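There are two complexes below, and they share subunit A, which is joined by subunit B in the first and by subunit C in the second.
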Partner chain A sequence: MTKIDVHHITRVEGHGNIKVDINKGKILMCRLEIVEAPRFFEAMLRGRHYDETIIVSSRICGICSVGHQLAALRAIEDAFNVKISEQEKCLRRLLNCGEFFESHVLHIYFLAVPDFKGIKSVFPLAKTNKDVVVHALNLKRFGHYIGGVIGGRLIHSTTTDVKAMSKLPTKKELEEVLKRLHEAKEELKQGVSILKGLKFPAFERETEYISLQKKGFYTLLEGNIYSSDVGEISYKNYRNVVNEYIVDYATAKRAKHNRVSYMVGALARFNNNGQWLSDDAKQIARDLGLKSPCYNSYLNTVAQFVELVHVADDSIAAAESLLNMNLKLEERSVVVTPGSGVGAVEVPRGTLYHEYIFNDKGIVQDANCVIPTGQNVNNIEEDFKALLPGISKKSQKEITLLLEMLVRAYDPCISCSAHMLDVEFV
Partner chain B sequence: MAHILILSIGNLLRRDDGVGPAALKLLSEYPKPNVDYVNGGTDGLALIDLISQYKKVTIIDAVNMQMPPGTIKRFKPEEAKIYVKSDSLSTHGFGLAEVLELLMQLGGETEIDIIGIQPKDISLGEGLSDCVRDCLNDIITLIAAQS
Partner chain C sequence: MSKKPKVAFFDFTGCEGCQLCAVDLTPEQLFDLLALVDIVEFREVMTDKAESYDIAFIEGSISRKPDEEKIKDIRARSKLLVTLGACSTIAGVNALRNFYPDDKLLHLVYPGHPEIDRTTIARGVSEVVKVDAMIPGCPIDTHEFLRVVKDLLLGKKPEIPTYPVCVECKMNENTCVYEKGIHCLGPVIRAGCNAICPSNGGYCFGCRGAIPKANIESMKEILQKYNLSAADALDKFKLFLERDKEIFPDDKN
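Showing the complex of A and B:
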């Protein structure tokens, strides 16, 4: 009999437990328990003016704060039929780039790499592989820089507003951003040799992959939903995709669509939209042996690295476009109409949905935020079930490590995934 | 860029954990050439780069020193055993202890000292305890004397 009880998985955001019970090769229990306390953000958003949703929902996450702001903006724009300029689109692409660098670099190097080096954290890594830590910090510095220039600050940006970005970068700042983007791409080339040195566990389980899609683009900030099982679905019908439900041993809502589980995140985006990555990102994927479709969830970490190259290329294009524009502070008019709006964006961990119902004064009557990690929890458990029979003869320590690595590969942000239920007593 | 950084750490929503930002707010009303004032909030990892850019950094933070609440103690990281683990003094996993440890491992050249203030109450909520609020002037005097 093998029992695994990992109380609070380390190197993930928030608190989750792994509980597994195998007897004579039969899985008796296999759970990923999310034990974070609910945070009531949707309730906090009710009664707020529409422009406050950007500020309040940003606080859901210190890592994906830009993503929440952009999802809220998209939802407001959807509700009030606000069109945004090319200038605004380019600025948002740059801001998002900062967040992807901060988040993916943190996950790849600080949370995932220690597993492959047989160490518990980044601290021994700084002793044995100082060059890796310095390299990671260089990439994070870039993310922080670009977030600061475009967003005022990277975490909880102060410039995003439904009327338009409240501050514009100067020509000199944009030139510096462009210079640093090219430097970041050079730095990423060093990362290839680091990633190549990591031996990822062999594992395959095909699942449904869900992401946004806009044909011709490796889209992050617009488009419809795409399922590898059923194809395109309007972003407005996201509730029919996520189908949230609960289990009695976790505080996070779960999601399922065409099967018992689906996957969102870098690997899902790579599988669905990989043909539209930049040329350099495609080359890096080939160098790292990542081919679409890839059914090994452990390789989500590699897909994140490939995305960094693409995001850098996309941001170079955005920065060059901005340098060729006559930038001016905008002030879009917002005509409030009662109704609802949906914002769907890709954040580092997967597809994020915000939906708001507004009254005729633009006050939020109801809010719904669906976070990527909640959508992935079922898929992680299904991966556990597929993985365990093949590794059940290994030692308890080895099984535990493989399960923890699998959870970490999804880069879960557990704090954000905990929601309270709406209940009605009759 | 200035040579000296006065850096506050702490969460204003965890009562006395916000003593650093409260002191910094008062200090920054009296700007000095060559001194930058930054509220580092609670995002530990981002501080590594920031600290590395300065010759000298003074960090103001609520520190559990097992001393009476309101006690102020100035020390260098190497003078104390700082435990690397997340605890309730820092709401994020990568807190000040982790920043100092990583800076040490990477061989940073910045001279760091810490002004630690023993908190009384770090539960959820706003505002400082009386004994911690009363020591704000002493913190400012201590920093003003050296920078």
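Showing the complex of A and C:
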């Protein structure tokens, strides 16, 4: 009989537990409990002016604050039918690039890698593998740097505004951004050998993969919803995709669509849209042995690395476009009309939805934020169920590590989802 | 040589952005820091745990009954306890929900969920246990964090500015936000952020908390001069300053 009880899983963002009970090879219980304090953001957003949704919703999550800001912006633009310029689109791509670097690099090197090295945190590597730590910090700080140039700072950026970005980078700053993007790509090439050295557990379970899609593009900030089971769905109909519900042992809402669970995030995007990655990102995926479709959830970490190469390439294109534009501070006119708007964007962990209903003064009457991690919880539990029978003869310590590594592979963002993590073998 | 101080990071109700800012270090800064202190507990990036701490950094607000016990336990095991960011220092954006003292709206988010019964209003850490130093801001400024750490390691009491954001804003030679006809809380909010929001085309919404003895009446006079409504300014204070009893004297709870 094996009971596993991991209270407050470490090296994830936020608080969650894993509880597993196996008796004579039979799984009596396997749960991923999200126990983060309830946040009540949807209630707090009520009564606030539309432009404050960006300030408030950003605070849902420090690591995907840019994503929340951009989702709120998209929802407001959807509600008030605001069109955005090519300049604004390029600036948002650069800001978003900062977030993907900060988030993916933190997960790959600081949260996931220690499991493969048999250590409890990245800090011991500062003594034993200093070059790896320097490499990881360089990449992570690149995210903060580019976020700083475009957003004033990466975490809770200060320039995103419904009227358009409130500050523009100078030509000199953009040239420096371009130079550093090429340097970041060189740094990523060094990362390939580190990633190749990681022995990911063998595991496969096919599931429904959901992401945004815009044909021809590895889209992150626009497009409709795409399900690997049923195809394209309008972003407006996101509620029919997420079908949120609650369970009494968790403060994260859960989601299911065509099956009992679905997966969002880097691996879902890679499976749905991998054909549109940049050439260099495709080459890195081949070098790392990542092929679409990939049914091994542990390899979400590898898909994140591939995405970094793509995001760098996309940002090089955006920075070059901006350098060819005559940048001007924009002041879009916003005409408030009562009604609702939906914003759907890809954040590092998957598809994020914001929906607001505004009155005729632009005051929020109702708000709904659907977080990627909440959408992944069922899929993690289904992965547990598929994984456990094959590993149930292993020691409790080995089982616990494999389960923890699986949860970490999803890079859960729990403070976001508590609207989620410990492993508990009860 | 004496043993290195044991430093720990804890998080309560918050977004963990301040912890990310605290580790937004250059390789040299990180190696220097690791040479000076032992980071013994930091759940977000490490599995290790420890019994006692020389410095405990606390992120997040206290908003659940079990968290009250947890922070008291951490306090009892820490020599110095330091708040990290707006949520732990002044309850920050979490305190917006304190304007909804009844459970009706909360039940809208999690209909019938048992967790709601364990939820309290959101409070800053100093409302529950003694705090030795605070690092305000949403998020914290990494430079300010390093300065406070340095002071604490030298045995000095860390100083944070008691003058308003306007001072830094003027030093940056910005056009006053009021001149653009936009609300700004800069005149009464604690500096130390280098007026980052107004300097980037935005306005101050008060994330660092009010300066000591903030003169709200005088601020109202300036607002009047610029034809801006005092009621709208008060509404902006709601975003981060619900726990400030000078501004919101009625405890609705």
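Here is the rule we use: the second predicted complex is superposed on the first by the 419 of 426 C-alpha atoms of A that agree within 3 Å, B and C clash if a C-alpha of one lies under 4 Å from a C-alpha of the other, contacts with A are read in each partner's own complex, and residues count from 1 in each chain.
The rule we apply is simple: a residue touches a chain if its C-beta (ideal position, glycine included) is under 8 Å from a C-beta of that chain, and two chains touch if they have at least 3 such contacts.
Note that the coordinates shown come from a computational prediction; the quantities given were computed from them, not determined experimentally.
Partners subunit B and subunit C, once the complexes are superposed on subunit A, run into each other and clash.
In the superposition on chain A, A:46 contacts subunit C only, with no contact to subunit B. In the superposed model, A:199 lies in contact with neither subunit B nor subunit C. Contacts of A:144 after superposition on the shared chain: both subunit B and subunit C are touched. Legend: residue contacts after superposition of the two complexes on their common chain; A:133 is shown touching both subunit B and subunit C.
More residues of subunit A lie in contact with C than with the other chain of the pair subunit B and subunit C. Looking at the shared chain after the overlay, A:55 reaches subunit C, while subunit B stays out of its contact range.
Legend: residue contacts after superposition of the two complexes on their common chain; A:172 is shown touching neither subunit B nor subunit C.
In the superposition on chain A, A:123 makes contact with both subunit B and subunit C. Once the two complexes are overlaid on chain A, the subunit A residues touched by subunit B in the first and by subunit C in the second are 13, 62, 106, 110, 122-123, 126, 130, 133-134, 137, 140-141, 144, 155. Across the complex, subunit C is touched by residues 8, 10-14, 37-44, 46, 52, 55-56, 59-63, 65, 102, 106, 110-111, 114, 120-123, 126, 130, 133-134, 137-138, 140-141, 144, 151-153, 155-156, 158-159, 161, 165-167, 246, 248, 251, 253, 329, 415-416, 419 of subunit A. Here subunit B touches subunit A in the complex through residues 41-43, 45-46, 48-49, 84, 92-93, 98, 101-102, 105-106, going by the rule given at the top. Remark: subunit A residues 13, 62, 106, 110, 122-123, 126-127, 130, 133-134, 137, 140-141, 144, 154-155 touch subunit B in the complex.
Of all the residues in subunit C, the ones that touch subunit A in their complex are 11-21, 24-27, 30-31, 34, 39, 42-48, 63-64, 67, 92-94, 96-97, 100, 105-106, 108-111, 113-116, 119, 138-139, 196-197, 199-202, 205, 239.
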